[in-house]
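Both of the next two complexes hold chain A, though its partner changes from chain B to chain C.
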Partner chain A sequence: MPTREEVFAKIKNALVEALGVEEDEVVPEATLVGDLGAESIDFLDIVFRLEKAFDIKIPRGELFPEDVLTNPQYVQDGKVTPAGLAELRRRMPFANLEKFEQNPVVQDFGNLLTVADMCRFVESKVEITD
Partner chain B sequence: MRFEGKKAIVTGGSRGIGRACVVRLVREGAAVAVVYHQNRQAAEQLLAELSDARGSVCAIQADVRDYQRAAEIVDQLLQQWQRIDILVNSAGIIQDGLMGAMTPEQWRDVVETNLFGTYNYCRAVTQPMMMQRGGVIVNLSSTAAEFASRGQVNYAASKGGINGLTRALAKELAARNIRVNAVAPGMIETDMSQVVRGLAGDQIRNAIPLRRIGKPEEVAAVVAFLASDDAAYLTGQVIRVDGGLSLGGY
Partner chain C sequence: MRWYWIDRFIEFESGRYAKAIKNISLAEDHLHDHFPNFPLMPNSLVIEGLAQTGGLLVCEYRQFTEKVVLAKIPWAEFYCEAVPGDTLVYTTTIEYIKEEGAMIHATSHKGNTLHAEAEIVFAHLNDPRMGALFKPETFLQMMRLLGAFQVGRAADGSPLRPPAHLLQSEDVSYSDSKHSGKLT
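Up next, the complex of A and B:
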């Protein structure tokens, strides 16, 4: 069972390899898209690397639920509807959605996830020791 | 020896164009896994023929329509090889018939084998190729994708789908240094084309500017080029190998 530090170290390594960023850029508050330059295919790459690093299975769409953001049921006029926000909260308990909820423009969603969110996501998948 | 140390999968590799691709890759040093469907004897003959070649070859029986099986084969090869450098999707069938008489089975068999089969193996190698930051996929299309022939709606649709898949996937994977191209053969001397050649041999020959039917080896040479570093700056293309058949005009 890894410690929180070990989880962070492995995630840092996965992000350095997947995104080609420097180690010191990968800090907990860094956003994956805005600060680390991740594009949609990078999320797939990151998922592959997390699966390998932690020996876990991550169903596609769990870390980044693109299907919600492309579903007309949850998106109107470029914004996520209240039902969509509820679905995102349900699907992404590891992410802090408060800021996004104030003005839920779909295009801004990609810039929401931080390295800290990713750590919480992985911690929900593996048993952590203190 | 362009493929020394390279690891490759060739579907439909026991016969026709796929077989010629296997011979070419192995003779140029690659380790190749041949995925064949029904003709075990042909696969064994191929292995025997290549026993003294520079590279190595093994044969795996599978129906390319089986998504799960494709994933298992790639996993198994990764355990052995640790990487997959080249995928050649060559498995393909024809079941010609005029639309008014085409059964759903004829439609489904052709589209599932040719197009879904290509998807299944592309899908299976995407993750390892992304992780290793490199790889090459070559899909076998056909000039039938763009030039109409009566009785081939299923085949034309499947090959047109392959062209679209090739271009979209090339764009998706380019940032990971994975190249995806297709080769579109015209009339080639294979078992698959023998019925058409038999029915309209001279007529077809006269329509081809180079005045002859192509050989599987001549298609394999282009596949090998695309799979090699010689084509390092080439992705998302569909290359016609048809003796000029598609040029049109007089």
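Up next, the complex of A and C:
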């Protein structure tokens, strides 16, 4: 069972390898898209590396529920509807959606996930020791 | 010019790894254009050859039903030059394969010398608006031309065989060409 520090170290390693960033850039508050320059295809690469590093399975759409953002039931005029926000909260308990909820423009969603969110996501899938 | 950057498969094990060779010849036009009077195999074309070796391996795993595209090269390193007369042996191993795509680890060797090494990520595109990137029978022709069915093994160790749907598609294509008087 890894500790929180070990989880962070493995995630840092995965992001350094997948995104070609420097180790000191991978801090908990860094956003994957805005700060670390991740593009959509990088999420596939990151998911591969997390699955391998932690021996876990990450089904499609679990880390980044793109299906919600392309579902007309949840998106109107380029913004996520209250029902869509509820769905995102249900699907992404690891992410802090407060800021996004103030102006839920779909285009801004990509820049939501931080390294800390990713740590919480992995911690929800592996047993952690303190 | 045909866009083949490998000459032949020498090993192919479904879902695991594939090995192909690329013989570099001074007769190849691009060697004279890349650095005039200093013929070197361009690294980008080595990457393409590695991607073709690994891409067909990934395509075959899903029986050529997915649109497999090179999505990303997380890293690649070249350790020495490759010149006319060299034979490069490309080895690609599937690191991971899932619904959305696959990642391979690839090496290029000149004899016992490691020439290059890379990781390559492929995406499976399943957007129907993309249409077909290749005619199904094209895969069959490529695999035959490259000798994959001569050396290939299925996951259970039996000889690698073409998927039935590709053979059917080839039959239909042949029959259509015959009736229209255009045999390709």
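To be clear about the criterion, the second predicted complex is superposed on the first by the 130 of 130 C-alpha atoms of A that agree within 3 Å, B and C clash if a C-alpha of one lies under 4 Å from a C-alpha of the other, contacts with A are read in each partner's own complex, and residues count from 1 in each chain.
Assume contacts are C-beta pairs under 8 Å (C-beta built on N, C-alpha and C of every residue); 3 or more make two chains touch, one makes a residue touch a chain.
For clarity, every value in this text was computed on a predicted model and none was experimentally measured.
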>> What does the overlay on chain A give for chain B and chain C, a clash or a fit?
In response: clash
> Counting only touches as set out at the top, which of chain B and chain C does A:48 meet: first, second, both, neither?
Replying inline: both
>> With both complexes superposed on chain A, which partner does A:6 reach: first (chain B), second (chain C), both or neither?
In response: neither
> Who wins on chain A residues touched, chain B or chain C?
Replying inline: C
>> For A:60 in the superposed arrangement: first (chain B), second (chain C), both or neither?
In response: second
> Hey, what residues of chain A end up touching chain B and chain C alike?
Replying inline: 41, 44-45, 48, 52
> Mind pulling up the chain A residues that touch chain B in the complex?
Replying inline: 39, 41, 44-45, 48-49, 52
>> Quick check on the complex: what are the chain B residues that touch chain A?
In response: 127, 130-131, 172-173, 175-176
> Hey, which residues of chain C end up touching chain A in the complex?
Replying inline: 71-72, 74-75, 95-96, 98-101, 103, 121, 123
> Where on chain A does chain C make contact in their complex?
Replying inline: 17-18, 20, 41-42, 44-45, 47-48, 51-52, 60
